[in-house]
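Structures for review follow.
The two complexes that follow have chain A in common; it is paired with chain B in the first and with chain C in the second.
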Partner chain A sequence: MLTIEHLRKDYGNLTAVKDLSLHLEKGDVYGFIGPNGAGKTTTIKVCATLLEPTQGKVYVEGFDVTKKTNEVRGMIGYMPDFFGVYDDIMVWEYLDFFAAAYKIPRERRQTIIDDVLELTDLTGKRDIYVEALSRGMKQRLCLAKTLLHDPKVLLLDEPASGLDPRARVEIKELLKELKTMGKTILVSSHILPELADFCNKIGIIEQGELIVSGDVGEIMRKVQGGKGLQITLLADVEKAVALLSQLPKVKSVEQDNLCVCVQFSTDEVENSEVLQLLIKNGLQVQSFSETQVDLEDIFMKVTRGVVS
Partner chain B sequence: MISDNPIFRRESIPRFWRRASFFARTGLVSIYIALAILPTALVLTFWEEIDSTGAYLLFSFLSHWPTFLCPAIAPALVAGAISSEREQKCWDLMVLSRLTPAEIIWGKLLSRLMPLVWVTIPFIPVGITLLILSERMGPPGHMTGTWGGFDSGDYALWMILGWMTGLLVAFANGVIALYISLRCSSTRSALLIAYGVAIGAYILITMVIGMLLMFFMIPTFEPMTILSITPSLLWGVTIPAVFLTIMQRRFYRLDARVRAA
Partner chain C sequence: MTVGFLDRLQNPVLSKDLRTRMRGAKAFVVQGVYVGVLVVMIGLSYLMWWLVHRAGVSPLIISSDVGRRFYLLIFMTQAALVALITPALIAGAITLEHEQRTYELLACTRLVPRTIVAGKLLSGWLFVVMLLTCSLPMAALCLMFGGVSVPEIFWSYFMLCLFALFFGSMAVLCSSLLKRSALAVVLTYAAVFSYLITTVVIQAFASQASPWGAVGALNPFVFIFYSTEPLSFFSFSIPGWLPGVVLLPLASVLFLNWAMERLPHFTVNRAFAIRGLFALLVVVLTVLAVSHNAPGYLIPSSYQFLASAVIPGSTALLLAALLLATGNAPNHRPHSLLGWMVSGLHPRRIFSNELRGGWVYMILLAGLFAGALLTNATVGTSAATGSTSGAGLPLPAAVAKPGGSLALAAADAWHIFALIGAVLLCYSGLGALGAALRSRTVGIVLILALFVLSHLVPGAVWIAYNSSGASGGEPIHYSLYLAPYVGLSAICHPSLYNGLPFVLAPPAPPIWAVTAITYLLLAMVGFGLAEILYQTRRKNIAKPQVSPQEGAQAGA
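Take a look at the complex of A and B:
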């Protein structure tokens, strides 16, 4: 659905994106993660036909974005990180303007506008002037506009930036709904928890380079490097540490008060065997669980905290 | 059809009008009509007192405002058409829609030039009254100075030609301003450059062409009014033809340059 091949974008002497390649299948929700200035917006703008790549190719459903610009524009819905809205018109007028701009026939416009207003939960704001909307509502309005022509691919650049927690949750719920509608979504953000819930693929970009990219679970395993266990005991923590350290394929054992964290070099470790070993040796286990790695951990592990 | 153009439909209606209530709109229309007929009403009231040296001259000067006012304000109206959208971060969304470059250009241009129509309309009764007056009092002195001399019988022709030329030059200046707006990221710079180019080049080029026509190329051509108006007509026809063609053909490339910068 969306393929980027060896993309490079230079602004004068500054290289914003270097040799970036990725591929999104239909229905994929790809979280594009990176610090500010990493090259996320540039990449998305190239995909949206707004910038020409210095090198490389970008295809949307097989159409080259630099050659088949009109076809691509009909298939994508782009929501920029910073955008303005025409303040002097009402919400429905704003959507009607863009519906007309997308050549949606007059007789179908009303139904489509009602549908996107309902989807974005703005039905009650239909006759309100755009300038009276909150930032979160404007964000939803922009998303509503993006959906008017029913695009197959959504390019969303920081859709939740600058929003309060409630508005952020609302946008997240909306994106989840779009995912269930089968849209292919490329969504960028530097706020990781907002992506963790609904992305099936992620890519981490730093200084214009895609450091990791692929399936979320796969990347988590790759970054973690093997299974991790978190065990809380009632007593005899030192004994537990000694026992666990002797297990095969153990990478590290760390003690923190009554809690022991064991990191293995592989996933092929049976939890039950480890638990059995502890109990057999008379240790009282209060809790036993696998260590959960989140996007934040991955991000911190793979990036160096530099911007281009 | 321009009336189906969403940009024209949205931008040709001013913000204050969009928001005004029925009563406010009625009030505004009344004020506008009053302003439009006030000069004429004054002339008709003091018909007998008007002499050829005072009020008549002043009044007749009013009839030339469309000729000079419209070309002068056109760049100001159009220069922000695209650059202001860039500043407001609305431009990308419009470019990505299915509107063609021609639709964007004509929608922007005509909607932005609409105020010229509203500025010109109040001068129509002024002009008509002046034509009637000129039958009695002869052509105003400054008219003969501007256009190089003519009979009172030609007065109506020259006034209408002057207006048409003024509107044509205004359109040309608007086209230049739109081109500059397409190439600028800030409205302020677009405005300054548009005025510099449109007005500066207009004065320079029409002056040069006028001098060439009058002194070298066809020195015996009569009446001189044709020669003085020809450069403006040339400007009004050539500039839109050239710049509209460039804009329509290279719209995305010109826009991409600004974005890349």
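Take a look at the complex of A and C:
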């Protein structure tokens, strides 16, 4: 769906993006993470046909973004990090304008506008002037605009920036919904937990270079080097710690009150065997789960140079 | 919801802009001010007139007098308002989208540059037309007084609409060339006012008999005075609105094509349209300029001819070379720059945006310009010999009969072609040199430097010579040969430089020939240097800077 090959973008002497390659399949949700000035916006703008790459190619559904610009524009939905709205125009007119600009036939526009308004929870604001909307609503309106032409690929540049926690959650829910609709999404952010829930792939970019990129789980393993288990017991925590420590390939066992965290050095550990071992030894296991990937952790580790 | 009508325009930009422009108080304030200014002007004029004529003259004369006065006043004011309002309305059309940060969203849609440029122009233009219709009741008042006819009023309105379109196209162009609204508005005003002043000045120089002529007809303020009077086109007569109706849309389309090509975030190649329209404009303008003379003057005098057609035309051509004779070196780094510029000269490429076709296009322009000047000789000769039927004699006839009183004989046209062609070719050489050195911009700077030097230095030398009374004949005095206008004026007015210490004594070739040869030599130096520089720097030209290590990585 979206393929970036050896992308490089220079601004004069400054290299904003350096030899960046990635590939997104249909239905992928790719979290693009990096600190300020890392080159996220630059990469996304190249994909959105708004910047000429200095080197490298970007293809959307096999169309080169620098050559088949108009076709690509019809297939992508781009939401910039900063954007403005027109004066003296109502929400429905704003959407109608963009729908027409995307060559959606007039008969279909009204229903599509109603649909995207519903999806973004703006139905009640249909006849309100755009400049009177709050920041969060404008953000959602922009997202609604992005969805009008039913794009296959969504390029969202920090869609939740500048929003209050509640609005963030709302945008996140919306993105999850889009994910279930089967869209390919490239979403950037510098706030990690924001992306953790719904991305199946992430890439971490720093100073124009993609340091890590791939499956969320894979990256976690790469960073953590193995599976982690979190076990809560009713009693006898010491005994459990002793038992678990003797398992093969255990890296560390940490105890916190009634909770034990085990870290293995590999993935090839059967959860059921561990559980059985504990139960056989008469321990009362209250909960048993794999440790959740904490993107923030990955990010801190990666940018500290743990993985490179 | 008025989706219906606006939507049928098939231009989302236009329908959105029309819809929002009329919202709120802005539109009504502008409309109110517009009508207010007209009313105040008329009121004051009426008061003045009444105070002066209180003593009483025959009422019949007075009435038509008032009507004429009002008519002129209303349309002069409207012409000024159109020149003032149109740039303000349209010059911000695209720059404002940058400033509001809405442009990227717009560029990402499936709109094409044509739709955007047309939508932005038309939404402003229709507003100006709407303002113009607000003055209809006042124009009707003039009719009631008499002294002015319906066709006069009709053509005045019609031409004001065309001028609004023309100024609006300039504004859209500035808007797509620049990033800031303030700059775009200032540049548009500068362009509009220099246009208005240039047309008046050329007209004033061109004809002592009457301010009414083809160039005058291209100025809204002049047009209003003579709106229904015919123009003399050689010995024929054409309606006064014809030059405007032909040239203003032509120039507008040229500007709009340029605006489309330069619209940010779009890659369309309008070079064919731009170069083609420019060439067409050169021909039509030159023919119109040489044809205009007041009734009774069959052939304009040398001075008029010089001032009205040759000098302004050639200056405009030379300046056009800045953009049209320059370009960047090719990305694929062929073995020879000159070889690349000569090879593969498909006719279409002459009208492309590349450096490659530029030099052929320059020669073509010089030919078109000289050829258009020649119509003066052909049509003029046929008129003089009485055979006014048809479009005049074919060219060979004119060559055979260069009537003594003609301002320009056919042979002179060849000389003009050689001179202008040599200068344009030299500029092409500088364009190539610029490309070899670095880029199109360097080419433009080089040409501009030569243009300014060759126009200013001879003038300065001349003034210094006149004020000091020196004997002349010093080497610096021969810089006169560098100025294209000196050669041109010597062609049109052979006795002008006779016996001056600035020029070589009679056995030497005429001024135009020396100038042409000098420029040809300069052109060869330019092209030669370009090739040498290109060869030494070929490896670096247009090569992206990649360090060896990264290059290896990319290759892996």
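Here is the rule we go by: the second predicted complex is superposed on the first by the 238 of 308 C-alpha atoms of A that agree within 3 Å, B and C clash if a C-alpha of one lies under 4 Å from a C-alpha of the other, contacts with A are read in each partner's own complex, and residues count from 1 in each chain.
Here is the rule we go by: a residue touches a chain if its C-beta (ideal position, glycine included) is under 8 Å from a C-beta of that chain, and two chains touch if they have at least 3 such contacts.
All figures in this text were calculated on a predicted structure; none of them were measured in a lab.
Chemist: So, on chain A, is it clash or fit between chain B and chain C?
Modeler: Here chain B and chain C cannot both sit on chain A without a clash.
Chemist: Taking the superposition on A as described, I'd like to know which of chain B and chain C A:55 touches: first, second, both or neither.
Modeler: After superposing on A, A:55 lies in contact with chain C but is clear of chain B.
Chemist: Between chain B (first) and chain C (second), which, if any, makes contact with A:19: first, second, both or neither?
Modeler: It touches chain C, and chain B stays clear.
Chemist: Does the superposition put A:147 against chain B (first), chain C (second), both, or neither?
Modeler: After superposition on chain A, A:147 lies in contact with neither partner.
Chemist: For A:89, using the defined touch cut-off, is the partner it touches chain B, chain C, both, or neither? Pick first, second, both or neither.
Modeler: So A:89 meets both chain B and chain C here.
Chemist: Return first, second, both or neither, reflecting whether A:11 touches chain B, chain C, both chains, or no partner chain.
Modeler: first
Chemist: Considering only the contact definition stated at the top, list the common interface residues of chain A for chain B and chain C.
Modeler: Dual-contact residues (chain A): 48-50, 69-70, 73-74, 76, 78, 80, 82-86, 88-89, 93, 97-98, 100-103, 142, 145, 149.
Chemist: Under the stated contact criterion, what part of chain A meets chain C in this complex?
Modeler: 6, 8, 10, 18-19, 48-50, 54-55, 66, 69-70, 73-74, 76, 78, 80, 82-89, 93, 96-98, 100-103, 106, 142, 145, 149
Chemist: Show me the residue ranges of chain C that touch chain A in the complex, using the header's touch definition.
Modeler: Counting only chain C, the residues touching chain A are 3, 7, 12-13, 15-16, 19-20, 23-24, 100-102, 104-112, 265-267, 544-546, 550, 553-554.
Chemist: Spell out the residues on chain A that touch chain B in their complex, using ranges where they run on.
Modeler: Spelled out, the residues of chain A in touch with chain B are 11, 45, 48-52, 69-70, 73-74, 76, 78, 80, 82-86, 88-89, 93, 97-98, 100-103, 142, 145, 149.
Chemist: Would you pull the chain B residues touching chain A in the complex into a rising list?
Modeler: Per the touch definition, chain B meets chain A at residues 4, 6-7, 9-10, 15, 18-19, 85, 88-90, 92-99, 252, 256, 259-260.
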